[in-house]
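I've put the structures underneath this note.
Same chain, two partners: chain A is paired with chain B first, then with chain C.
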Partner chain A sequence: MHVTTMSFAVEPWTQQTVIVRVGKALDFRNAADFKAACQDQVRAGVRNFVLDFSETGILDSTGLGSIFSLYRQVSPMEGQVVFAAVSRPVQVVVQLTRTYKVFRQFPTVEAAREALR
Partner chain B sequence: MADHSILIVEDEHTLRRLLEYRLGKHYRVRTAANGEEALERVAEEMPDLIVSDIMMPRMDGFALQAALQERKETRAIPFIFLTAKADEQSRQRGRRTGVDDYITKPFDIEQLLTRIGRLLERTKLFQSQLDARIGQDFSQRLMPKRLPDVAGWKSHFHNAPKEAGGGDLFDWNEPEKGTFFITIGDVMGKGLQAKFYAFSFLGYLRSTLHTMLRDTRSPATLLRRVNQVLMDDPPMEETFASLLLLRWEPARNLVTYANAGHCRPVVVSASESRIAPHSDLILGLDRNAEFEDAEIELKPGTALVAYTDGLLEQEMAEGHQLGEAGLSESVSRSFGKSEPVRHLLEGVLSRSRRSEFADDILVFWLEREAAAAVATTTPQRQAPRWFSPFAESAERR
Partner chain C sequence: MVATRHRFTDLARITDDAHDLFAQWAEEGAFSPLFDEDKVLLMRLAVHEWLANLVQHADFGDRKPEILLDVYPNGKRVRCVIEDNSRGFDLDLHMERRRQALDPFPDRGMGLLMLQAATEYLDYRRGDNGRHRLEFSVAADQDPWLTIPF
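Then we have the complex of A and B:
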């Protein structure tokens, strides 16, 4: 099954884990859509999110804020948010905010989902 | 663009479906068959505009209009009457009750669309002007009215908020003579919401510092506490902020700082320019986040330059962002100039792809003068100095 909410494709992996294709940009224009898409998943029982940044050229502070909200929501339920295939622009933001201390990073989506199995 | 929602109120089935279909190509459309149903739809979700018939069973258009006028929240919804009643009396009555437009049947759908478009445009313009005014007011209150004034030191500050910019903030105080606490931060998000969060965050920040400074002088300890406040207080749940907290003791030529995921400051002199490397996690993410203090000794003829991310993210002519390396180099070029911040910003802009900054710009430049033999604080006020957002205009030196 393949559900697309605006620009975000969400692919189930296990009952608890999904892969979110972040796409070209996560910023003030679509952060609310991202939040809504993740909310639906959390309500459906999903706890772990693999964010695929392979195509992402823009991640601004509003976009990052929406990821933080997700993290704050799932972490008390033992959930995880991990980053996969982090592109250079995303890496810059992650470095600046020191959020690599919170979000585990994996070179590929495959590696991330194996780790969350 | 389907981002506007329109409520159609019409008792005749065919016309209602026709309007739903035609307007549905441009807007999100909901329908109601009479005034009562319309009020239910409005209670569910506030429409951006209402197109309503006059003659309807149960509750007619005039009664609906009157009911909407009674409530503050619904009074301002743009309202278009659509009716067979071409007589002047109805028209007059409609005008008096705050109807924005009046179209008589049979009508031209294109004409209706034009009028809807014009009304929505006017509402949007009004809203954005209001937002800009409030935003500007917040921005002004988030910025200092004056700067620390210490013999042997120079400070420069520049702030240019963008209307659609974010929640940059800057604050300083001198809780004890000769010890300054300087805060530079950025609350995540964009627009009015971010500015509002930044404004309330600054309130938290000030009261936390005010209370805690009795027990500690450590920026790291202070940040740990501010982080816990952000994590524990439900109203601040969605607030994430990067923050650089500096404790500046001019007499010791020392800056002790802790950095919560904020842009790393540049330390610059005539001979070199480097990034102050130390940084920890952004605030609001992890209750147990650890913060550490780091020190920068400012030798004569050395400046510390702090800023927010709008500067780093400025797109340069070559297509890449300015970045830390680019900024460090630009700061170096501006060192020694009489107005270094202005020189810095003009320099960056001249090498940018566009002729203006894309985001909020905030720069604070603190420099120890080369000629200063002994840096001592000038004896000034006895009481701790907190500046008030309501004080007079900024003093710059």
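Then we have the complex of A and C:
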């Protein structure tokens, strides 16, 4: 089942891992929805999040803050947040904020899934 | 591209409209090849963060919002001026507060700092016309970064 909220969709992969198709934008307009959707997943037992940025043209400070919030939730439970198929606009934000030090990046969603298997 | 001006009045649409402009400029190859795609994206991020700040926090009182975006490409450097008719605020004070209050992996408070980090030069003041004016430039030879506590 796909849960679509604003521009993103959450796809279960295993009991503990989901793929989040971030869609066109993660910014001040939908970051609260992203946070709420991820919190629901954490409550349901999900610990690992693969964020698929292949279609993402906008990631802003509020969007990045919502990802930090998710990271703060799952990292004490040995969960992971990883980035996949990072688009160029997102890469610019990752480089500016040096968040590549925190979030592992994979060229594709499949590569991320393999690493989390 | 020569200097260009765009006027926005609808805060609900301004983010999408600004991004559409950048998409149009990308299609037209509007900027110098010396100012590469990553630098255009950095400038777009700076514009986005300021517009997001205006949409979320600016006090326009009973005035109809009017925001003007001027872009002045100049080879390896692009200057942007964003002028608005809000009541404005103390940017330096807000930046300093945000910098001091930044927790590890912060949820909020990174926007203005990201804007500052992305730009080579940044100035905000009330103009003679009573409008508030943010001016910044992004340069091709910048390697900007923002320190966020991890």
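Throughout what follows, the second predicted complex is superposed on the first by the 117 of 117 C-alpha atoms of A that agree within 3 Å, B and C clash if a C-alpha of one lies under 4 Å from a C-alpha of the other, contacts with A are read in each partner's own complex, and residues count from 1 in each chain.
The definition used in the following text is that a contact is a pair of C-beta atoms (placed from the backbone, for glycine too) under 8 Å apart; a residue touches a chain by one contact, two chains touch by 3 or more.
Fair warning: this is a prediction, and the values are worked out from it, not measured in the lab.
On the shared subunit chain A, the superposed partners chain B and chain C overlap sterically. Within the superposed three-chain model, A:Thr14 lies out of touch with both chain B and chain C [touch as defined at top]. Looking at the superposed arrangement, the partner reaching more residues of chain A, out of chain B and chain C, is C.
In the superposed model, A:Val102 lies in contact with both chain B and chain C.
Using the contact criterion defined above for the overlaid structures, shared-chain residue A:Phe28 touches chain B and also reaches chain C.
Judged by the touch definition given at the top, the superposed model places A:Ile58 against chain C, while chain B stays out of reach. Annotation: chain B segment clashing with chain C after superposition, chosen from 25-33, 43-51, 61-69 or 133-141, is 133-141. Taken together, the two complexes place residues 28, 60-62, 64-65, 68-69, 71-72, 92, 96-99, 101-102 of chain A in contact with chain B and also with chain C. Remark: chain A residues 27-29, 57-58, 60-62, 64-66, 68-69, 71-72, 88-89, 92-93, 95-99, 101-102 touch chain C in the complex. Here chain B touches chain A in the complex through residues 166, 186, 188-191, 194, 237-238, 240, 242, 261, 263, 279-282, 284-286, 289, 309, 312, 321, 323, going by the rule given at the top. Of all residues in chain C, those touching chain A in their complex are 15, 19, 37-38, 41-42, 44-45, 48-49, 52, 55-56, 105-111, 113-114, 117-118, 144-148, 150.
Chain A meets chain B in the complex at residues 28, 60-62, 64-65, 68-69, 71-72, 92, 96-99, 101-102.
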